[in-house]
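As structure tokens, here come the structures.
First subunit A sits with subunit B, and in the next complex the same chain sits with subunit C.
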Partner chain A sequence: MIAEKSHTAQYIIEKISPSAGKVAFMNDTVLSKALLFLEKNGMPSNKYEDYKYCNVDAILKKEFKNIEQKFNQQVSVDAFKIADTYTLVMLNGHFSSTLSDTISEKGLHLSALSNMPELAKTKLGSIANVESDAFIAMNTAFSADGLYIKIDKNTVLSKPIFILHITAALSECFVNSRVLIDLEEGASASIYEEQILIGESKAFTNYLSEKFIGRNAKLNTCLIQSQSQLGYSVNTSQVALQADAHYDNTTITLNGQLVRNNHNVELLGENAQAHLNGLFTANGTSLIDNHTLMDHRVPHCESNELYKGIINHKGIGVFNGKIFVRKDAQKTNAYQSSKNILLSDDATVNAKPQLEIYANDVKCSHGTSTGKIDENAMFYLNARGIGKESAKKMLLSSFAQEVILKIENPELQEKIDQAFTNQI
Partner chain B sequence: MAEQNDILEQHINKDYEWGFTTDIDSDTFAKGLNEEVVKALSKKKNEPEWMLEFRLKAYRHWLTMKEPDHWAHLPYPKINFQDISYYSAPKKKTELKSLDEVDPELLKTFEKLGISLEEQKRLSGVQSNIAVDAVFDSVSVKTTFRETLAEKGIIFCSFSEAVLEYPDLIKKYMGTVVPPTDNYYAALNSAVFSDGSFCYIPKGVRCPMELSTYFRINATGTGQFERTLIVADEGAYVSYLEGCTAPQRDENQLHAAIVEIIAHKDAEVKYSTVQNWYPGDKDGKGGIYNFVTKRGICLEDNSKISWTQVETGSAITWKYPSVILKGNNSVGEFYSVALTNNKQEADTGTKMIHIGKNTRSTIISKGISAGFSNNSYRGLVQIRKGASNARNFSQCDSLLMGDQCGAHTFPYIEIKDKSGIVEHEATTSKIGEDQLFYCKQRGIGMEKAIALIVNGYCKEVLNKLPMEFAVEAQKLLAISLEGSVG
Partner chain C sequence: MITIKNLHASVDGKEILKGINLDIKAGEIHAIMGPNGSGKSTLSSVLAGKDDYEVTEGEVQFNGKNLLDMDAEDRAREGLFLAFQYPVEIPGVSNINFLKTAVNEIREYHGLTPMEGKDFLAMVKEKQKLVELDGKLTNRSVNEGFSGGEKKRNEIFQMAMLNPKLAILDETDSGLDIDALKIVANGVNTLKTKDNAFVVITHYQRLLDYIVPDFVHILYKGKIVKSGGKELALELEAKGYDEVKAKFENQ
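On to the complex of A and B.
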């Protein structure tokens, strides 16, 4: 018997399982655990504390009644490429070697998840716990394929990698997509990602990435989300850092009807550092929800979070960040900041910054503020002959720069700045 | 380090000062809860029919509710509601006419607690001018200064008396801020509340003295369920104090109270609490479960409600004094110091609901955790659509002493109006080594230095307390913190 609450999950499973096929690369026990979890819990609704401001179950029920899973395989990616990077393409959850650049660089291993080396399979699903979240469970059980990236010990990549995630839908569809990134000790890499949507139909993307960052390794990442107003996505990033490792992420959400980002970072070795930055604009009836967890498990680690949002029309911006300092994680430094600007009377911000701290010798703080455009700044610009509209653009753009400037690659910075200015 | 451990040891072994019991004849209901108990309770108090109806309705609703699952950051065993006696009162011989007729044991008890029931007496060494309503277990023992207050038209009496003497006021206001259906413990309280205080300040009157309720749990196996209702009519002002203690017992006792405040146009109510229920021993045995619903409403324009609390007692505290800012230009304030030690658990904070225009709220919360305790701030700031130019500032600081305790912050911020400005800040840290060093270098001992730093840390809140209470609170903090170490 199917419980009422698992109704949505059941419907999706029925629709996607024929095309998904058997997930051959996943461990059987993990698979059955994932399915059991889904059957028991269904898709998360606002009854779950973690999804209090993001009722995905209701959205799926309302917007995805006719999932047909028809895809367009003929796409061109040239327009999206970033100069001087290796481009890899994920098309509807599959790694497309034909669309991707051919790369031969020493110490860099790339393959589809289904072809990954036997030894590496133990890592798959090891930090993305299928019993922690329905979307992880769904992804684990139904990812047809995915991308595996490994960088050998002490290898420094000569060029950044750019992963283009394309959902090319001909009908309403639900796509599971998965990436595993493994940096061995001392490796260093920059990986940029962009999510786009091609087609005239609504599409739901459930993207999961697992990132392993070895001792003294450094991973710099940036995710650009520009799926248009037809795009619905839940993006889960599970990151594990060993001692002295360094992780940087900047997530730019330009649009999307529903974007939920779960960023869970585990600091497992001393002196590890993690920095998460986010910038989003919510227009129309968008719901943009950034959910972060900084899990400080050992002493002497540092984490920073900075999330900024501009919410217009009937948009809803959500920030839910948790700094979790375990009992032995002394000398932790953790900071979190969330700032939002509301532009219209119908816009909403829900913020839930949390500190959960069990160690005494720590410095942790969070701050959040929400307001409108500063009237004094506006007046200053108006007084100097700058019109209301352009003054507003200037002020919003300067608000956003704090995050945009965190991106290390100038090409990418330029691209985001452009796209962002167009959005506002 | 050795010195630090010694001091910590002392602190942890510190006994609860108010843990004595009073040997007094009392009239106690058998344990258990059913409709008959509610009816008997109502009969005992000679309540009118409408009051019984109110109770029964609440009781029937309570039956349909589920005990809150552990959403709060509080692990505690399930409470057996049938294992509690819902009424206990010192036996009265005849109606009391003057203080001389009050049982001398009772007087002694309150004397010992520093609460003088004889008018114009000293409290905490400061010349006191406070009217007190003393609640012992389930009933109000004595309300002082009633005549003086009556001259100004102020009504200050026990809730039971108010039900009989001012039924119109009670009917008009009771349950309007905290409806009986509000939450599990509010429903339970509405069904079985035994007594409490009622206070009405008429139009344009500034209450000349501090009003105060002192709660004392004495009987074993009972729960205390009282309600307080404060109504400030147009332009009125009142400052209200609440204090509480309980004897030292191995069992956990339940305290589920309701406080409702209504502020009319231009009225101001200041409510201060020093909560010092028995916190349980150092292994977490015994202590009071303090599950309280406190809420005020700024009903009309320019009204103000201010909550100040110093929470040092109770095994478990679950308390969110809130303000609904309905009138335009109304102001809500929340100042809190919560200190937990040993195995105490506190989950406390506030809710500020902005509905009217130009409403302002301030939240200052200072948490101090020591021993094996957990101390959480949980609060909601909500700016509804149409609440233009609302302003909120929240600051939640936590101080950790010792490496076995936890400090948590769970703020919820919901903004639906673009003209609202909301700021929230939270920090968690221990006492700064450099601050300690600075003090020690100037010849201030470890213990004094800590007291100094903690006092400075809490100053913003302690400053908000009325003077008599500030003295008590500072003493209380000093005792509870004696020897704590950063």
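On to the complex of A and C.
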């Protein structure tokens, strides 16, 4: 699709760009590439195939005027904490050391991006290509700051890290937030994240994480998206796995007016494994869009994807799963499944598997199903005296468990189970 | 307990039940037998309130209330229980949680407070012994990965937990080995009192050696064509359904 320059591009360049170029921690070449890309292409409208169902341009055009806001009010984060984890707090894209736990653990390095070691700066933007997507470019050009997490060779974190991303909106605002996670060879860590929105105004969050997983390293992540109906967000997770590395992620989207998740995984070393799971609920007029890309570049790697959605009212769910098996990536195992339940006549789902396979000795499969609540199961519960509402909750919970049970941490599992039950 | 008068029911415009009349009193066990396709399972589904069936004629009084006006959950709350021929698997919902919800929703309907956790667990322990159901199964997801026999025993376990006034066992014996059959029958015999009633729907006489019915009805082509005492089942076993079929073919 030929890029069509939109109003938003003009708007960004004119109104917001004075704040650009001030991203001191960003490599100059990357930064100028990002600005150039934005100037040339603007933001994607629904004429772009990748954003066909997700018209972010229309929203950006009319709603969001300020990039970033200072937020000096008191924020309490206790209610969100997960037992036995290190809590780190990001406030409108800035790492808040006052709200975060003080951590001293051998082999773990934490800092704001603006304070990251000089040598590590070359990693920024090295896998999130600014010329591949306008939101990556935008994040690169406008990120106020961000968080840097590095785990040294063979270090096994004693506790999971929990990053609470708070978007605090006093008036309509646009927040760019960024995290870089770097696991050296043989390192192992669990990093959970939650995105919340406070304040009475609409906010657009553009979040980017780059995850480097070294040889034989293991990263287990979970992202809970619980912004309110005032929240609009695009979240890009760019992951690179070396040989024998493992990556597990579960994305739970509880609400949000518009949520677009781009999860791009590159399997760069043999015998690497990546598992992406997702669960979302779309109520009201929410649009929840999960785009995944599994890029199998080398032989003997494995990937699995399981995405489940529950769509009610006039909600829209989108799943687009691209599996790319390069010519050299023989003996690839790649599986993908997307299942959805529609609860109303006006609810819609667009599920699209996209397999591009250039190797000839691979095992790849995909499946997608969309249906209503199983009537036989409903009758079974009713016949035991369980009313329609409770029965519906039970069956939706049953549907969701397949994803929720993939979460390794019982405390987190419980937190998600509760939040999910409240949402349906 | 329950009075069924001239009950007609269709599915997708096809009439399956063509005028059922049946009167069941407290303390009685009725067996309904019949060849495949005679309408046995339709009758149980219609009574339990499955939406797929349309009642076109007739009425059903259940303890003085119009059963057909009620939703499936209210029929269960009024004390009707259906042991399913094919119990449904519900992954991710534990048997315990499922039963607790059922017990408490039924209690709420009758204006009672939810059962205390420890009382509930004590009841679970007692009732699962009755059907020799492994304690591990009660903690597993509803019917998920259960063998055929375990599923049927789980149905009887649920029946024991919910303590219905009228229980309909829809081909609970089909596919059961003799040991499982004895366990199921023992469950029913233990639960039987002068205040409740059972309808045992079966294709085979074998179950009736263990659950002895007061009345046996033969259902054929959507009608009860013959009723009698327990000896009718033996007669049927000896002669098979062919005689019935031949005799009532043209009715």
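Methods note: the second predicted complex is superposed on the first by the 395 of 424 C-alpha atoms of A that agree within 3 Å, B and C clash if a C-alpha of one lies under 4 Å from a C-alpha of the other, contacts with A are read in each partner's own complex, and residues count from 1 in each chain.
The definition used in the following text is that contacts are C-beta pairs under 8 Å (C-beta built on N, C-alpha and C of every residue); 3 or more make two chains touch, one makes a residue touch a chain.
What you see is a predicted model, and the numbers here were worked out from it, not measured in a lab.
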item	value
Fit-or-clash call for subunit B and subunit C when the two complexes are aligned on subunit A	fit
Subunit B versus subunit C as contact partner of A:405, first or second or both or neither	second
First (subunit B), second (subunit C), both or neither touched by A:117	neither
Which of subunit B and subunit C A:358 touches, first, second, both or neither	first
Touched partner set for A:379, first subunit B, second subunit C, both or neither	second
First (subunit B), second (subunit C), both or neither touched by A:342	first
Partner chain in contact with A:397 - subunit B first, subunit C second, else both or neither	second
More subunit A residues in contact - subunit B or subunit C	B
Which of subunit B and subunit C A:388 touches, first, second, both or neither	second
First, second, both or neither for A:327, with subunit B first and subunit C second	first
After fitting on chain A: smallest Cα gap, subunit B-subunit C, Å	14
Subunit B and subunit C footprints on subunit A, overlapping residues	none
Of subunit C, residues touching subunit A in the complex	48-52, 71-73, 75-77, 81-82, 84, 87-88, 90-93, 98-99, 101-102, 105-106, 109, 141, 158, 162
Residues of subunit A touching subunit B in the complex	49, 327, 330, 340, 342-372
Residue ranges of subunit A in contact with subunit C within the complex	374-377, 379-388, 390-391, 394-395, 397-402, 404-405
In the complex, subunit B residues that touch subunit A	71, 385, 398, 400-430, 486
